[in-house]
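Working notes, beginning with the structure itself.
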């Protein structure tokens, strides 16, 4: 199977890091195809940049989904997740969704560790309905780039934050948000007081599972693909996806 | 004051209808400036089209906000509302937000009348935190275009739905969603069992009020404007807005 | 239009301060008519005093509403808000409701600054359904009277509390509760890290907006005026309001 | 012990019915003292009448609590419940609170049967925090007075509503709201599909239990009695209760 | 009446302490019959031990309920509460449920004081639907056995925790969880800043009240007793209770 | 890897059906080991039977987990899920949890189709925190055994219920609860209006995924294994699991 990994921001290094982590956890038969955004922010770090990225993400999706079996959104805000699920009939999973979902299978309640301010992540927890399973959040003071330049300092900060989440907030599992932390859980497994999960390591097997289930596309409900839509100014692939006629039945 | 009304879909007729309604309710000193989307869907009717419209909306916002005092989003999904509020320091109000806000000032609980399926509107109610004040929703069978082609049939359907929402769900006020229903509340005032409000009629005076309050832009919290952001492929105005350097203090 | 401002406690100085603030924000054509309670507590500072004030408030409402176009409750507990809305067919807005409503139009989440213990205000947030938008609360140690006797100390305390709410709780906007803080937001606009709003400054334009909308009184739902009610011992105006016969239709 | 039963509306017949039911369930040593409101509505049937009744209720409470060991509010809206608890240091229980509390001890979820519209009762369920245990509500078409004039028809309607609540909404227990239904549960015990409880039958033993527990009055928290309060125009007993000086410690 | 007190763990000393406390609060005519678990954990202190105890508890219930009028679960996790209510037609009350229920009749919001980690108690608060009335929780550092070996140190810790809950979290009443704290509230009544309640002191009179109400067993809803069930390996009394045939009607 | 499938009820045929379904979806290297309960109910169909099954389930778990890599609970009430997770350090997944988790990865909101009354399933949805993603529930009139004896009638009923859930409640995906429906989703894939998922088909790949992630056991939080626990009357394997000494560190 081919798993399409879409990073809607413009930084190839982030895409490559996500793709590398994805390849370490993918099953033998899974091919990782990673694409990077061409329009929008170098790094998505605000609601505005995230909103802009939605267009770019759906454009990449419309271009590349026809040759893929499933899609993993390699962006920690899970940009345009339900919109992407509407647009294509293959499985689409968000990386933070994947990690929070896995955390719920492992613990009673989970915590989040993020770079920067926590507020948009709190909205994500609420939007995806994880509130009853959410224990708390900790922000790393350093910028995400520090995770690459000084990984040991970041690891110490992550261990301290995870210990605090487990002790004070009762978190049984901790989600590491952001591509810069992908794969860190495995490295820290011997030292961490609670399991650390990240969106790429969890998202790849979840996508593989959904492909194996081979569920049919919905013909009712809120996720039926839009059809026969008139648009202007869009990439031809995206315009074509929206203009698809109703299937004959 | 100049009130910028942004319709992110591509249908001028919808913009004009919203602008016309806006002008009937605006204060004497308020000038309505209405702009229409240039990229995206002719009519936004799915999460995918809404996600695409966010980019277009922020582009129009970056272009036109410098000459405006406040912004009203003339799209019933309140596309990219918080992102828009992040990007600019003038007030930004969503039309459905405006109507639901007003409904809460009028009644204990409100209902919604929408064209098409109700599911995305339910997500909007939840995302904006109106759940405790939400009584119920009714979908009009007809397409939104019917409201223009057969207004009397639409008015009868609206009255029936409003009566049902008040009787069965206890709605004290009913929000008419969608530009096609703007202004209908005033026409039906003598017949309706509960007040009918729409997003344009409510949004214009709310924007005027926020302009009068002249609140300062936030320097802390979740809505601080992104600064010094690197981007590619964006309209120069949008790129410039995101690239604004930190203010000296 | 005539805007009736009802302060159900017995302290004229509070009424005057609210009326003065109201006049600074009112539109040119708006006349502020302020009345003060005659029965009950000098200052309302407990659920018991608030419960007593409800009777006095509705009595004043029944007396003065016939000459008014809208009502603003000048009491930070929003005493008897829905009961007042039931009793009269003109718009009724509570001052804390007004400020919280405005805060939601400005930010993603808001905080509260109050004098004294925060518990009744938390119940108000819940009763009005603002929980999903509520970030946190801070109590000023000083009594409300300090705001008048030592305004600079109060301003420093307010700025510190607002900064804490924004930094720790992610508040994007802060509501100043209580008549003693009315108007302080405008004075501190240059220094505050997030916008400060108060119930009088927000309530006046919201009332003006509702008057402009000219919504009909409900004939169904939970807010239909009680009719033909038998009572004893009430002020004649209040008794008459409750004894109003059913309208002929 | 002396149990004070306060009916804040003006209808002696309702008080008598409640007192009679109370006497049938009271323990041997419990004396029922019932008082009726003197100011306000003949029958409380709206938020406005309820808000007015709060003053009368607290007045009766201040007059009669000194000779009582506990108080049961004999009014189905639980008028001014927390305010009453603040004012006096003896136990105060609301009749609907008592019935819903008992229903939670009996079943997983409970339903309500009410006269008239259900909306204020829904607000009561929410205000008291019973939402997670609330299954549903049914309104009897007839007025409360029918329960007295045609009891058999009312009993049939109650059985039908209780059956519907159990079958459709999964209610395990049903609360009969309103004084007119007090005692009906016992009469229908052989026929009802789920237990029927009412506020008087449940409230009397709950008050007796609280008296036996002899809990101290709070010196911290949200229910500390207001002290040293200045008031005007109140009944001397109520004014005195609020003017009580701080206890020496 | 005979009140069956079931302690599903294996420690007689705990049963005896609960029974002794129960006898001090029971009405003259109430006989306390206490039974101790025979299979499972010496002390229940985890979800696993609690899950195991459910079987033992239902076995004791099936054996002893036929001679009892009501059942009080003398275990702070309220083990198998709804299952027990399903199995028998007499009232069944959990001790923590009893204390939280009483706390709601006394205050607006309550706190919990527990031995050990608070997480399972938080799940109990949620499972029983007390979230809106829950103020906060404090864990005593010492083991439960300290309460017996060094009661004065425990009392000081309880007073400190209760003061903190009242001051910081606004708790109006505090629930003491665990048999080791039963009866401590009465001893500390003169010193505590808010009432302290425990599950045995509250559970006994609540059971007595339910017996007095003599409510019928449900024939609909979620708590209808299972009938005609085939089982294997169970104690004969438990097997017989599940195998009871449907009643003829 | 070895995946332990525990059916805590006593009916081998159910175990076999679950194991057969599991084998059709398992990866090549996955061995399915299925065990059936020896003590308790033939079929679990009430909270009482479920509570009894918890003991049996943990006994089977303690016996068989040492030779397994992960555990799937083959019982639609997810009996003792968190207790099982506490007891062992390998992954444990409940079958209904697995299906609801998968449904959230596929749709915005999901519905449930169950045999018999829906009330315990609603409690499961709440206990696991899926409320915000829960659309509705439908009960099949027939007993679960009908699914085996008249599969075509059951399939028609399932299709009708799924269509209703999608149309009326907006479900995007439907969970088939109960072993009797395992595998039906695949058979109906061509006809169903929304994807149908079941707990075995989803649980097997989720367990495989968790094994691949190789997360460490928690040393903090709510799921740390109980240690050094004294017990009596338990199966030696279960007693030994609870008596495990603290690990040296």
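Letters A, B, C, D, E and F mark the chains in the order given here, with residues in each chain numbered from 1 onward.
We adopt the following convention: a contact is a pair of C-beta atoms (placed from the backbone, for glycine too) under 8 Å apart; a residue touches a chain by one contact, two chains touch by 3 or more.
Nothing here was measured: the structure is a model prediction, and the numbers come from that model.
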**Item:** Same-site or different-site touching of chain C by its copy chain D, using the half cut
**Value:** same
**Item:** Distance between chain centroids, defined by C-alpha means - chain A, chain C (Å)
**Value:** 44
**Message:** Could you work out how far the Cα centre of chain C sits from that of chain F, in whole Å?
**Reply:** 52
**Item:** Overlap residues in chain F, where contacts from two or more other chains coincide
**Value:** 82, 108-109, 117, 119, 132, 170, 221-222
**Prompt:** What are the touching chain pairs in this one?
**Reply:** A-B, A-C, A-E, A-F, B-C, B-D, B-F, C-D, C-E, D-E, D-F, E-F
**Complete:** Residue positions on chain A within touch of chain B in the complex are 10, 38-43, 45-52, 54-58, 80, 82-84, 86-87, 117, 119-120, 127, 221-222, 226, 229-234, 238, 242
**Prompt:** For the complex, which residues does chain D have touching chain E?
**Reply:** 25, 27, 82, 85, 91, 93, 97, 101-102, 104-109, 128-133, 163, 166-167, 170-173, 185-186, 189-190, 192-195, 197, 201-202, 205-206, 208-210, 212-216, 218-223
**Prompt:** Which residues of chain A touch chain E in their complex?
**Reply:** 108-109, 132, 170
**Fill in**
In the complex, the residues of chain E that touch chain A are 117-119, 122-123, 126
